[in-house]
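Below are two complexes that have chain A in common, paired first with chain B and then with chain C.
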Partner chain A sequence: MASTGSNSSVREPEVAAARTDIALVLTSYNDARTIGPAVRAMRDGLSRHVGSGSARFILVDAGSTDGTEDAARAAAAPSAPIDVARVGPPGLADIPYHGYPRRAAALRTALETAARLQAKACVFVDPGLLVPDAAWTERLLSPVLSGGFDYVSPYYVRRANEGALTRGIVYPMFRALYGVRLRQPAGHEFACSRQLVAYYLEQDFWEFDQADAGVDLWLATAAACGPFRACETALGVRPPPSRDAPTDLGTTLAQVVGALYADLEHRVDVWQRVRGSVAVPLVGAVPTAEVEPVSASLEPLIESFRLGYRELREIWTWVLPPRTIVELRKLADGGAEAFRFDDRLWATIVYDFALGYTMRVMPRDHLLRSLAPIYSGWAASFLLQVGGATTVAVEDRVEQICRAFEAEKRYLISRWRWPERLR
Partner chain B sequence: MGTEVDRMLRQAVAQIADHLASFLPGLVVSLAIVLAALVAAVLVRIAIVRTLRSLDFDRWAEQLGFGGLMGWQTPPSPTVAMARAAYWLILVIGLLVSLTALNASIPSRLALSAFEYLPHLVAALLILVVGAVAARFLARSVLIGAVNMHIQSARLLSLAVKWLILVLAVAMALDHLAIGRTVLLLAFGILFGGVVLAAALAVGLGARDAVRRAIERQLREPAARPENPIDHV
Partner chain C sequence: MRRPRGTGDPLWYKDAIIYELPVKSFFDANGDGIGDFQGLYEKLDYLESLGVTCLWLLPFFPSPLKDDGYDIADYLGVHPSYGTLEDFKRFLHAAHERQMRVIIELVLNHTSDQHPWFRRAREAPPGPLRDYYVWSETDEKYKGARVIFVDTERSNWTWDPVAHAYYWHRFFQHQPDLNYDNPAVVREMLGVLDFWIDLGVDGFRLDAVPYLIERDGTSCENLPETHALIRRIRRHIDERAPERMLLAEANQPPAEVRAYFGEGDECHMAFHFPVMPRIFMALHLEDRQPIVEAMERTPPIPESCQWALFLRNHDELTLEMVSDDERDYMYLAYSMDPQARLNAGIRRRLAPLVGNNRRRIELLNSLLFSFPGTPIVYYGDEIGMGDNLYLGDRNGVRTPMQWTGDRNAGFSRANPARLYSPVIMDPVYGYQAVNVEAQENDTSSLLHWMRNMIRMRKLFKVFGRGTIEFLSPPNRRVLAYVRRYRDDIIFCVANLSKWVQPVELDLSAFAGLVPVEMLGYTEFPPIGSAPYFLTLGPYGFYWFELQRPRA
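After this line comes the complex of A and B, so read on.
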């Protein structure tokens, strides 16, 4: 076992003269409870499906103090070597919504290590967020090793009440902007080829302000916008998150949507040329068993929207046109039974906020956080529509939302080019 | 007698003429300074209006929060207000300088003391501007944060923060100008002391049980999390 560590702020593991075919990257931060099962699952998956002869673990730790590294080493031994690098330590303000500080530096360190190891394929897992299944290693690796794909994105079966932000904003907007249908573009579990690793390291987004929160999304965007083959791989039913989300909705929304808007601003020349979208191949079988829906009262979400309309309407008028405000008033005044957010209305609101973000009509953090009540209203409307629906029906509903985003992309382009004319 | 009267009249006229002769150049210079200041003020006003309009200053000022705070949403716009301020500043400076040219001791002293006071005035103005921007920014932060925390009286909180900072900024500016220092100190002591006392009485008498229950809940059930019907990410 070749195990190395470091004490500096960011130091890469020493991989002198070592080479490997597969790099299994784990990012950790006080994950002693979950790192062992994660490493064992990946190791077992590797030996069962791929063969572990030329594989190597790369653990990038963000300054854990609970023995995460030791647990990882113990779980990896004796079959697979493990290289350990550290980034951090993080400050209190550095912890983003997903709970992993300095994620951009960690992923960059891992990619540099993988490039130095000349790995043919690189798999990324965040055991603090999700403990992987043994089959994930093969499902993420085989499209790269034998399918010729460069980027493998996860596809989970999820309950109707899970991933609303992804279903309502991230996926539809990502798809409309870049024309690639990746349903979990900000997933922390993914795989990439050697060519894509080299391409990632050439990108300039590593030092951006929102990098720690948005780097996973930006990696997906870079793959989608570059000359690479992307696919999705079915990872089954998404397990519950193992790390408690430390932040509130406003912060989560500001970080996730802020990263998406920052990317929009960064890749104007790409998304303005894209029309429509194309499906990517889905590798593996999606489980047919239905996940049990979770029933909960949606009244708090609707009430949050109404409160937002009452108090933040004045702020919204900075970015939303009068007709949108009128539509929101109708929703706020209506009853909970008939609470339905029109898809096109929702798409234009998300685009209007994107434009407000770019034009800096007010401090960006204020703008993004003020979106939270509208998002709560949309989420309530979405759940009212798909509450007891099957997984397929939920996916169909998400498809309708995505089509609305694609249809309203003309509106975004128009406002982007002539913001004053449409005001 | 007639000769004496004539001599005295001639002497008086000569003295008046002497005085006029010594005063007139100063007056002419003074008028010239006022005229020059007027021309400079007009030119500066035009230049400021053109420059700020080309820089889209009105929009930036609105974003920074000057519009709502200073009543600039209706005319005059921030650009016009800035131009007017510069115009009057130059004109007042011109008038003060012109007073010194008259060679009169009292107006000169007035002008000098006004010049000495000017830096304090500018500093006080700066304090007010910074206070206004901070008040606007923090009030909006509190409003959005409170709404996202589902606090029904979010607007009230936001207004309280805004006026607290504005009043503080005004008090600091007045203190800097040395206006009513003792009164200000007393007023603030009474105001904040009163607010804190009122809050303490309100909690102590009206919400004692609620506070006790909240503290007990915090101590006994630290891990309890509110029901969340939705997983966002």
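After this line comes the complex of A and C, so read on.
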């Protein structure tokens, strides 16, 4: 099978002869422990909730050596056969924060296969991150198959201390830039229509430098910027990740925020014309998560911020204007009990770093890593405010942050259009 | 984010920012006093950071250099002073890596008299080899053709004692014209095109394109046979490499230049010669009329075609396309020093032309970047480089690029006496006052301003692709126009006067929309049915996006 950017090994005649209504895509890398349950859950969900219509699994593996492929085949059923593709083994530099190598090539291969199968709908799940619930298949598929949506984004209920990076940067900035309120726009679980599959394959981001870390976000961005209908689907409480989660905040920020900033450059002609934002439909009922007080001490986060202020202040002055530096000093000098990041201050900091990124005022990785202490400070401030709050109250707080990002978008545009070096 | 090359828009030239440079003048990497491809390669980061998207290289081929390389002795090589073909390939690859396209010169009309084709022709008996050039027993043929370089040439014919015949040359006598009535010559030049296309060159500036064919009883300019030849070249390019671009140099009235676009089947681009001197005239008169007239006389062009706009280039500010009165006015206004005059033009750079007035420089560039067409920036004008009137011909505007305040302006490590040209050293424009390094460190420098303007221009395709419509406010010192493309409406207004000017504009067609000043993204009061009042500072200009009001 011809496949751009990957070393796919799906057998050509097998796929060429086949057609399917539904493509169930799994990407894997040494996920033998979880791939079987994932396939079974999706298979069960398919038979239980979706009913008629042909379906095929597409497994794209990044060179697993632990029997992932065999485990997946064993879990598949005659009603939903499995096609296996492989992308070439990763190099040492290919391991992104979530531990999944060559994700862009894997997703591209899956999309190419789905296009060839003429699938009406595609569902994507990464069993390395989550073992899906059987009901997810229906929740992701039905908006495409019967709701007329092209892009279905996951919506998980998350506790106050989960998903801070998404709540503090990715969602507010994505929403302010592209005008679409997708609350978890970089989720690995999503669904798309045949039209969107074709559109994705026309995009030119597949071989960009940060594609492995950024492709999930860029797929959401492409859907938001194109002529497509998007919605969110409630997937319940997010299960804990099954693959090792990252521990290095600097690397995580460099990859996630770097992907966001890179997209900013790529779609500048879109986001500079978007004003305001619109909500998208949320399909399904959202359960209420138990309220849990923030158990961990926030002092290490605040101390990390203070240490950053002492050690990285000089670097920050390359991207942050003097008034922001003064505000950060006040925070660093203040007590923990009154430690509060103003939303607009936070939004302008994220935007100023975006500008520094695009202006290349210093090596981009260094710049992004230097954001980590400020982010730690913001996260401490956020958790101080939402600790013990209900999920609804947390969402209200996130909404305030998003409004600040939307209000400060003018600041970003004016600085983007007429950048002035600070040093 | 690096984008793979070759997946671009075939109309890429409409959105391009072209930077014109002579390789010899840009940076000397090997210390021999002459700029080279290795030097250009080393300065690509600078060009990338400036934001230009296309480099136009002046001739770099083997040549006796009697006309700064436009006298080509070998179309398929690199002049040894500038490096090797391998150096060129390395530079080209690196430019493409930075998403910059590269266009080169294709001097179709003539070669050097040192070209092997000419040396062979003058000794050949009558027949195909001699017929590579245009010969005559007398100098009486083609009497209708004017002499272009009136300051140096008295006739378009020169006697060749070897051939015992006159040969035809529209430019210098050391540049014999090729004979395109000979099919072998056409084949040769298509082979030249293929050579550079195969190396990856993105486009060709067709030098002196109106003069390719001669016919008795005509001016020997813009002949139907010339257009037929260009169509043949275009077909060849489209079949072989569709994304490559042809840029016509036809210093002719707009209607004649229009013909070089054909029906979209000749050149992709052509220089808009008439508008450039009128911009300078309007500035000096403090009256928009010369610009408006020139633009209104500009005929529509096919959808796939584009005008190339420039303020200054490697030649003199040509006044061939203006009336006698206008030419006299321009000489009085811009070249009181007779040294500045050359042929029918003024050999000065942008900054000296406008008295080194920063506001005027910015205003003119704002017009360059907002008029319909693709802007071309001449090397060094982004830092306000000066010129040297005491160098011969047009060499005064081709001096070494001023990189630093160090020896030789940081252009070369060679002994200053060895430089191909002295650097500019006067106290106003000299390299110690005007250089890239100093302006990089000064956030209010012209260099930073140009970089931001280029960045702004690239954000809006309307500038390269949109329509233009002039407004007629009573105050003629103010030029106002609207650019439209798809959903974008951009309103531009410029004060051509040295004093502050008020203006009332009829924007009632846009009532309800909100002007947002584009550079600072500042919202202005919404447009109503009454005249819209603005005040512009000396040589001030505004660009506004017209946006719908927020809900």
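Here is the rule we use: the second predicted complex is superposed on the first by the 395 of 423 C-alpha atoms of A that agree within 3 Å, B and C clash if a C-alpha of one lies under 4 Å from a C-alpha of the other, contacts with A are read in each partner's own complex, and residues count from 1 in each chain.
The working rule: a residue touches a chain if its C-beta (ideal position, glycine included) is under 8 Å from a C-beta of that chain, and two chains touch if they have at least 3 such contacts.
What you are looking at is a predicted structure, and each value in this text was computed from that prediction instead of being measured.
Peer 1: Once the two structures are overlaid on chain A, check if chain B and chain C clash or fit side by side.
Peer 2: Overlaying the two complexes on chain A (C-alpha atoms) leaves chain C and chain B clashing.
Peer 1: Applying the document's definition of touch, where does A:S304 land relative to chain B and chain C: first, second, both, or neither?
Peer 2: First partner only.
Peer 1: May I ask you to decide whether A:F208 touches chain B, chain C, both, or neither, giving the answer as first, second, both or neither?
Peer 2: second
Peer 1: By the touch definition at the top of the document, which applies to A:R275: first (chain B), second (chain C), both, or neither?
Peer 2: A:R275 contacts chain C only, not chain B.
Peer 1: Touch test for A:Q118: chain B only (first), chain C only (second), both, or neither?
Peer 2: A:Q118: touches no partner chain.
Peer 1: Of the partners chain B and chain C, which touch A:S47 in the superposed model: first, second, both, neither?
Peer 2: neither
Peer 1: First (chain B), second (chain C), both or neither: which does A:G163 touch?
Peer 2: Touch status of A:G163: first partner only.
Peer 1: Taking the superposition as given, does A:L312 touch the first partner, chain B, the second, chain C, both, or neither?
Peer 2: first
Peer 1: Have a look and say if chain B or chain C is in touch with more residues of chain A.
Peer 2: With both complexes superposed on chain A, more residues of chain A are touched by B.
Peer 1: Following superposition on the C-alpha atoms of chain A, which segment of chain B from the set 39-47, 93-101 or 111-119 overlaps chain C?
Peer 2: 39-47
Peer 1: Where on chain A do the contacts from chain B and from chain C line up?
Peer 2: Correct list for chain A: none, the interfaces share no residue.
Peer 1: Taking the touch rule as given, give the residues of chain A at its contact with chain C in the complex, in rising order.
Peer 2: Chain A residues touching chain C: 204-205, 207-210, 262, 265-266, 268-269, 272-273, 275-276, 410, 413-414, 417-421.
Peer 1: Which part of chain C faces chain A closely enough to touch in the complex?
Peer 2: 1-4, 7, 443, 448, 452, 455-456, 459, 461, 487, 518-522, 547, 550-551
Peer 1: Please give the residue numbers of chain B that touch chain A in the complex, ascending.
Peer 2: 63, 137, 140-141, 143-150, 152, 154-155, 227-233
Peer 1: List the residues on chain A that touch chain B in their complex, please.
Peer 2: Touch list, chain A to chain B: 97-98, 159, 161-166, 186, 241, 245, 248-250, 252-253, 256, 294, 296-298, 300-301, 303-304, 307-308, 311-312, 315, 360-363, 366, 369-370, 372-373, 379, 383.
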